[in-house]
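Here is the structure we will look at, set down as structure tokens.
Chains here go by letter, A, B and C, matching the order in which they are written, and residues are numbered from 1 within each.
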Amino acid sequence: MGITVVEVTKRFGDFVALDDVSVAIPEGSLTALLGPSGSGKSTLLRVIAGLDEPDSGQVSLGDDDVTHLPARARGVGMVFQHYAAFKHMTVWDNVAFGLKVRKRPKDEIRRRVSELLELVQLDGLSKRYPAQLSGGQRQRMALARALAVDPEVLLLDEPFGALDARVRKELRAWLRRLHDEVHVTTIIVTHDQEEAMEVAGQIVVINRGRVEQVGTPRELYESPANEFVMSFVGPVNKIGETFVRPRDISIGLEPDGESTEAMVERVVHLGFEVRAELVRDDGQHLVAQLTEEEAQALELERGLIVYVKPSRQTVFST
Amino acid sequence: MIGRYALRFGALGYLAFLLLLPVGLVFYRTFEHGVAPAWDAVTSPQALHALWLTLLIAAVAVPLNTLFGVTLAISLVRHRFPGCGLVNAVVDLPVALSPVVVGLSLYLLYGTGGWLGGLAGHGIKILFALPGMILATIFVSLPFVVREVVPVLREIGTDQEQAAETLGATPFTTFRRITLPAIRWAVCYGVVLTTARAIGEFGAVSIVSGRIEGKTETLPLYVQSQFEGFNTTGAFAASVVLALIALATVVAMRMFRPGGEAS
Amino acid sequence: MGISAVALSRREAVLSRAGGGIARGIAIGYLSVIVLVPMAALVWASRSQGMGTFWNEVTKPEAWSALKLTLGISFLVAAFNALTGTAIAWVLVRDSFPGKGFVNAVIDLPFALPTIVAGLVLLELYGPNSPFGVNLAFQRAGIVLALLFVTLPFVVRAVQPVLLELDREMEEAAESLGAGRFAVFRRIVFPNLLPAVLSGVALAFARAVGEFGSVVLISGNIPFKTEVSSVYIAGQVESDNPAGAAAVSVVLLLISLAVLLLIGAFRHWRTRHDR
């Protein structure tokens, strides 16, 4: 079922965590709430989950107004950044917890838990305790646990934040595949734009308690609504009031009337691409991105004088 | 919701009944007949001597236990040695052991027929004299500094000390400038506990001292002798002094309590 | 680094290790003189007239009755503390109200107050002069009250840190999975608190078994009725029966050691799931 948030405000003392936030999450989608720390994205997730109540506004799951309903009655599944594993229970008991609390019959529990453990590839570890699992395994267990009660909505609060880079990448792909299979409306909170772009079908960019933009990864990259969104979803050069992506800085060895002279300060080879740090003759520093071939064609090296101009640029009307 | 209020008032009610009533009563009974009788009782030569004796014993026991406590804590945490577990158990014993048993063991050790009973023959009087009382007080107040310092030492780990070593500090300098400041508050807290225990000790000292009025009577023992002599004002006046010390202890404990508190 | 500097630091290392060893030796010597030797003397004295006498002294009607009374009441008091101590710790950690800091501090009062003062006050409050009209002197109820007073801090202070550290997200996860408040407490909070509660109970039990000063006034020390073991031992010393006193003392010593072992086991149990 879809989720609708209407004009929600939430304060903690003097601090306004959410300021009149309205968002619509389509049914069956995988949406990311993207923003820096302190932006309010986790608060929004917790309000949707029912762990915090908004000061004003409305939250609906499907057609039901759940604003004042506590978490246990909403049928949401939640996964926390630090796993929140029940450390005194085995993996099996962790996953079975929601079913036991609902007093489901024993065979149903056995069947469902085995199914889920297989789905998350933890079958065989069911008798272990969380302390004996790796971070990635614990998080997969947490997902299985959340899915066990057939939630209408799956909420993930920076689920991969505590894992190392390689495990993070693996789990991202894994989550995407899982969503394709299970089709539960899923919201993932993250501060990592790469993660959001890779995993989500729709991204809600939040900053300082306000929604900055909602759109597909492509929409956000190609048509950012403002400076914040543009610089958050990818690196950007700010030249006065104009914004240029590193990819959109074209470099030539000869001036052509529109281009400006610049000197190459540093060339960084990142394997498949090259990042060049330049300084224009007016003192403006730029970062450009080119392929390995393009760099070689220019014989790019430190100290080289080149001529740069933006092939595409964005200006925001205020 | 109701549950929360019920729990809160139940718990607070129990505490008020169990703790506040007694403390209130101590002050009430003492000053029931006016301040003057209480003051006279507290400043009688016997009472003053008892107070002085109590403080003297504490003044010997606490520093010794502190020195011991810090030394042993460092040995236990930083240098693994055979018998660590046994030492740990022995250090914890005074907390779980009856003070009467403590007193008796000293009575048997230093009394006639005991292994060190011969000391009395050489003019070194342990029982029914100050040394025995000091030994008993040291015994019962032994663990506190150790038990407070050990977890702190464990928690801060050796990183800082190792960093100091790479920067050229000698072990002694490291101890003085890195370790000691790090355990400072734990030591303070331990000292407060040790002092409170030393001053308040009753059972062990009772057996070991013979309760000779004016000579081997500490303030807690004085309270008892006054009560048995039907001099309730005297007993309560001395109790007020001890209660005030206890309240000061509670305040000091709150100030120095290491790590997280409830509030 | 020059050669002389290396030699200097090596010598320092040797000296400091030797110094450390000496300090440790002195500390252990101190521990032995203060605790081990007296304990050894106690055990030796209890057996000095043979195991037969030891056993007789312990099973003498008065001694045995005192032991049974002591253990029974201590167990009761410790169990009661399990409930009240946990409840108080919960209120102090999870609840908030004006004066909470004061209440939190006051928990330490039974530790700081000399036992004889506590005993005197309890006698005045609940004995023949009681302003409430009750008279619990010379009764077991009086002993229970005194022991409740002195054992108050143990369970509270054992549970508080565990409750503070408890991962709130575990409770939130349980809630999101559909558990009601009571289910969350029963299935999540309680199992994680249990080892700490039991440690506190064990300490409270040990303290209650050995308690002397607060009990000696209000109980009246009536043999077979209100005489606890610690008072019995003191009486035996005064009656010039050191062997009898020593025998019962050794029983109490063994109980203390058993409790310490138990607490160690609880600590091990508590940390086995941590990583």
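The rule we apply is simple: contacts are C-beta pairs under 8 Å (C-beta built on N, C-alpha and C of every residue); 3 or more make two chains touch, one makes a residue touch a chain.
Everything numeric in this text was worked out from a predicted model, so none of it was measured.
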| item | value |
| --- | --- |
| Smallest number of contact steps required from chain A to reach chain B | 2 |
| A-C against B-C, pair bridged by the larger set of C-beta contacts | B-C |
| Centre-most chain, if every chain is reduced to its averaged C-alpha atoms | C |
| Of all other chains, the one whose Cα centre sits farthest from chain C | A |
| Chain centre separation in whole Å, for chain B relative to chain A (CA means) | 57 |
| Chain A and chain C: spacing of chain centres that average the CA atoms, whole Å | 52 |
| Rounded Å distance, chain B centre to chain C centre (Cα mean) | 15 |
| Chain A - residues contacting chain C, complex | 49-51, 70-73, 75-78, 80, 82, 84-88, 97-98, 101-102, 129-132, 142, 145-146, 148-149 |
| Chain C residues within the chain A interface of the complex | 167, 169-170, 172-180, 183, 187-188, 191-192, 273-275 |
| Residue numbers on chain C that touch chain B, as the complex places them | 12-13, 16, 20, 23-24, 26-28, 30-31, 34-39, 41-42, 44-45, 84, 87-93, 95, 97, 100-101, 103-118, 120-122, 124-125, 148-149, 152, 160-161, 164-165, 181, 203, 206-207, 209-213, 217, 229-231, 233-234, 237, 242, 245-246, 249, 252-253, 256-257, 259-260, 264 |
| Sites on chain B touched by chain C in the complex | 3-4, 7-8, 10-12, 14-15, 18-23, 25-26, 29, 64, 68, 71-72, 75, 79, 81, 87, 89-102, 104-109, 111, 114-115, 135, 138-139, 142, 170-172, 193, 196-197, 199-203, 206-207, 219-221, 223-224, 227, 235-236, 239, 242-243, 245-247, 249-251, 253-254, 259-263 |
